[in-house]
Amino acid sequence: MIRTTGLTKRFGGLTAVDDVDFELGENQLCSLIGPNGAGKTTFFNLLTGTLAPSEGSVEYRPRDGDWVDVTDDDPHETALRGIHRSYQITNVFPTATALENVRVAAQAHGGDAWKLWRNVGAFPEYEREAREILERVGLGAEAETPAETLSHGQKRHLEVAVALAGDPNVLLLDEPTAGVSSDAIDRLVELIRDVAEDHAVLLVEHNMDIVMDVSDRVAVLHQGELIADGNPQAVREDRTVQEAYLGGYDPGEETNAGGDAGTGGEAA
Amino acid sequence: MSGDPPALELDGVHSYYGESHVLRGVDLAVETGENVALVGRNGVGKTTTLRSILGLTPPREGTVRLHGEDVTGVETHEIARRGVGWVPEERRMFSHLSVEENLRVATPPDADVNARVEEALDAFPALRDHRTRDAGDLSGGQQQMVSIARALVGDNDLLLVDEPSEGLAPFIVKEVVDALGTLADDVTLLLVEQNFPMAMDLTDRFYLLDHGEVVESGQSGAVARDDETIRRYLSA
Amino acid sequence: MTDVGEEPETESTGGYLRRLLGEQAVHIAVILAFALYPVVYAVLVRTPLGAEFDVFLPRVHTMVAVLYIGLFAMSFDFISGYTGYLSFGHSLFYGTGAYLVVLTATGKVPMLGSDTPFMALLLVAGILAVAVAVLVGLVSFRLTGVYFAMITLGFAEVAHVFIRNWDHVSSNPRDGATIAGGDGFALGVPGVDTLQVEIGRIVGTNLGAVFGLGLGIEVDETWVSFYAIGAVVVVCYFLMQRIVHSPFGRVMIAIRENEERARAVGYDVYRFKLAAFAISGFFAAVAGGLFAGYSRSVAPSNTFDLFHTAEALLAAIIGGFGTLAGPLYGYLFTASVEGVLSTEHHGIARYLRRGLSDAMLSSGAGGVTVADAIGVLVDGRADLYLGIVFILFVLYVPHGILGTLRDRLGGTVAKRLSDRLRSTFGGRHR
Amino acid sequence: MTDPVVLSAVDVLVDLFQPGTLARIVLDALSKSALYVVIASGLSLIFGLMGVLNFAHGSLTMLGAYLGGAVMVALVSSGTSGPVRFLLFFLAIAAAFGLLTLLGGAVEVALIRPIYDREPLFQILLTFGVVLVLDELARIAVELYGLQPQSEWQAAMGTAPGFLSSWYGVAGVSTRGLYLFEVVVGALVVVAIWAFLTRTRYGLYIRAGSEDPEMTRALGIDVRKAFTVVFGVGAGLAGLAGVVLMWDPRFGASVPLGVETLLVAFVVVIIGGLGSFRGTVAAAGVVGLTDALMTWLFQNHVAFPGLPEMAMFLVLVAVLVVRPQGLFGVAEVGGH
């Protein structure tokens, strides 16, 4: 549904995303993992058009359609095509109700936003869609609650709900579980599993239990490069991946460092 | 146990980001001279713990004590003046200030500023050549050195070090580890690090944090080679 | 006519009207209160306490200013309060409207004769402002925050300096221009003479007898202007209200709340902001046109000046930022304070000097007499007290009068009060 | 149609590159730039550390002009010699700077401190309320003491020593002694602020605090106190500017001086890039030069009196279009 070819983004001297070829298939759930600063969020920003790549291209294929180049699209254009994202830090409309948050997102897809002489009430279809989505993410009872007064867990659900509005084909979920307590995390995992049924999902997630549990596929970014991409088990056993996660620090070397560090004794 | 109170003690600390309940009753203690690691996955509250100690994210419940003295609710700069140094995530250089100025800012007003700066440059000779350069122009590893040196020029006996290896190339990580290792002998250290083996190497004891609570603690050496523990708690 | 879907189709016309009345109860009450004000005022100043009422109640002339400056403040709030972009050069649009009217009437605008109907002029003024707003906005909306405020201020100041020195306006452009003689501008339904009235300095209409009945109250040109301008302002208010409650309005609010997310869910925010700015400019120009039509003169200081935008800002903050009607009430408040503290005949300073005995006035302590104190602390000192009130509002009532009310009621005032009224008198409708 | 325009443009250029013309414009630009940098530097300092755009800056300048004027008028009599007047001027500067620093500090503590956690908009609005109050208080005082019916306060302007009012020949151009003095004052102010920022401990705190207040606090520095001090010093600098302007026949102590200088200060600070003192100095140069060029153009070729003022705002618009963050401002870098 979406693929990148040689995608590269440089900030000054730093290469945040380095020559990434990646493709996400229909209704596939792929987890994107990697240490902090590996370039995951930059990758998302490139896919949605928030950032323009230094090199390479992004293409998108709607259901039953042909590939189109979306490299130079603006964020609102990729959104209208059907690529939606959620954010790592809750990023919704704070004083609007949960319902209005999703409704206004749904409205973006109907082409009615420029009808400034009509009352919003004249477009019940968006409200209906918003209510359905709120039900789906388990916020049906909180429709009239302002977003800023929801609990953190509920906000994370709303974050996904806003991304679901307008029936996207591709969902980019940036750490939906960030900061969610253990007792509430199961419901979010259920939600991720549920939305993956009818969307292509690219999930950034740090909790490996969840990654291993829900993913069809796992891709690993390290210092901007895609160093592994395959089924969860294979990736977990990949030597390069383990090294990446250990930050290149080999505990066996510590005897060299120990000479002047004086910590060797404690570790042994 | 000596009669002295611990250098740092957290007792049932609850902290929030806005409405988000991040720390759910953290208890930990670091004795004077001890080096302790705080480990856990991303987003479990490690950085927030350090911020709560410094009063940057003041705890809503619980107490933070420095050498037995309650500092909960005290202003950050007051806490810092009681000898707490911070080496934050992503280093946070004053990028438009020169290396030397970065160090001067951190020196207490009553200290001999020039002498302190020279001491710090002696400790990190690699920085000497760059003392007049803007800190923002340095490489990541050099910035990390400045960040550590900056925490040292104050009269600090407790260092809070957050993810020192993050985003650094492997050979630079080794340099940073060396630097921290040297330090570890002279000060009390609370180290947050995702790199589990490295954290274990540098410390005497560890606390494992999960969902805003300490779920396990023990001797660093005992688990340093224990792959099962690594897998179970860090899922790496 | 596709609207039918939302309305209960089986409802009788009478039922629909009653429901509409219920929903609009607050609007109707406010409009009625404004409409009755001149009569009430005229009656009250004839009571034994007339002198006091004269001092403390805003005069009808002041109320006319409340209407057109209130409209200007609403248009300012429309862009600044609803999208969060502080339009610090908003006087640019007000001035454009005002100068267009006066320059046309003095025959200085090519292609527009001095006999162009006033209603058409208002429309032209609005459209001209839309064009200006699009040009200014194309550049300014590349910026945000303080920078946006400053660049719009920059544009307005360029226009301000230009108009102050443009000798096409009059022989002394610093003092502006005046329409000499001639009839007043006609406001009303275009093409239907009987439904038009003249505003401004025009004496004598035959409406006098209707209102004057038995009370001996003369209806003068100020009254006529009050009602005619009031009608235009009401129409403009409902147009803006319509837009605020439309899908478009919800996008404006979404931009204020979180522009990044609004873009991410699929809105081309740049075009929405530009359109909102243009609409807001339109109504600001209409307000300026009304002012010019009423006062028949313009000057840089009361149109393009930074402090004219500040007046709208003051009104919006006191009335309620991000509430459409709030700025009108806000300006009603500031205008009332200004009226009371005015140096004119109806101001409290003259009232005190008339009312207090000479002995009282010349008494005092430390070489400062009561008369001195009045002169220094009261006479024409509205800005001092308004400044203090403004600071207090920013510190303690950041949502303004209407916004605070809205928070207390848990919804827009018009809706919640109406709901409450309907539930109180429930059952009657269904 | 085009020929006359081209011709006159050529005329203008030929005229412009006469040595005498250039010298005159450069001299005029220097004195204007010096004034602008004095007017804008306090605003720049405050914004740099605190992110508060102080609308009351102009009003503080206006108060400074009156305070300085009051000191001079009280101490100078017709017999006072030039050098004594010159020395008294520095006493006036010290008085205005001191009093307005106190006032600025008080405003920060009482009014701005309670709303730091709100959107920046509210801080701007608050300082705007301060403008209304200060301007009206000034009007009351002016009326009470019968200082001036209309424009500038002539009595204050008359306290300038004779050698500043005289005209001198510099590089073949005749200029008022006062304008040369203003260039000196401008240079002194720039050097003093620069030395304060780079050579003193407090300046270091301010530079660190404006980059990362949280990190600065964590190094044991009381950033709040620094805020108060900087707001005070910024207000004091506004007052200093007022005292300098009090003698200048192009300005002079008057209530409208507040708005006049506020707009100039805004333009200079925004062009330079909010928060960059270096940018403010450079922008004052750009605006001063533009002003001088346009003044010359108006006096010799174009009959439009608002030209210099308008050009200043056009420079603002042009700079923001090309470089939204200003000449020396830092552009925001995308996420990583």
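The chains carry the letters A, B, C and D, assigned in the order they are written, with residues numbered from 1 in each.
The definition used in the following text is that a contact is a pair of C-beta atoms (placed from the backbone, for glycine too) under 8 Å apart; a residue touches a chain by one contact, two chains touch by 3 or more.
Here the structure is a predicted model, which is why all the values come from computation and not from measurement.
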| item | value |
| --- | --- |
| Between the pairs B-D and C-D, the one where more C-beta pairs touch | C-D |
| Chain whose mean Cα position lies farthest from chain C | B |
| Length of the line joining the C-alpha centres of chain B and chain C, rounded to whole Å | 58 |
| For chain B paired with chain D, centre-to-centre distance based on mean C-alpha positions, whole Å | 44 |
| Centroid distance [mean C-alpha coordinates] between chain D and chain C, Å | 35 |
| Distance from the mean Cα position of chain B to that of chain A, given in whole angstrom | 30 |
| Per-residue overlap in chain A, given as positions that touch at least 2 other chains | 37, 50 |
| Chain B to chain D touching residues, read off their complex | 54, 56, 75-77, 80-81, 86, 88, 92, 94-97, 101, 104-106, 108-109, 150, 154 |
| Chain A residues touching chain C - in the complex, by the definition given at the top | 48, 50, 74-76, 79-80, 84-85, 87, 91-96, 100, 103-105, 107-109, 112-124, 162, 165-166 |
| Footprint of chain C on chain D - complex, ascending | 53, 111, 114-115, 118, 120-122, 124-126, 128-133, 135-137, 140, 143-144, 259, 263, 266-267, 270, 274, 304-306, 309-310, 313-314, 316-317, 320-321, 324-325 |
| Residues of chain C that touch chain D when the two form their complex | 86, 139, 142-143, 145-147, 149-151, 153-155, 157-158, 161-162, 164-165, 306-307, 310, 313, 317, 376-377, 381, 383-384, 386-388, 390-391, 394-395, 398 |
| Partner chain B, residues of chain D touching it in the complex | 201, 204-205, 207-208, 211-212, 214-223 |
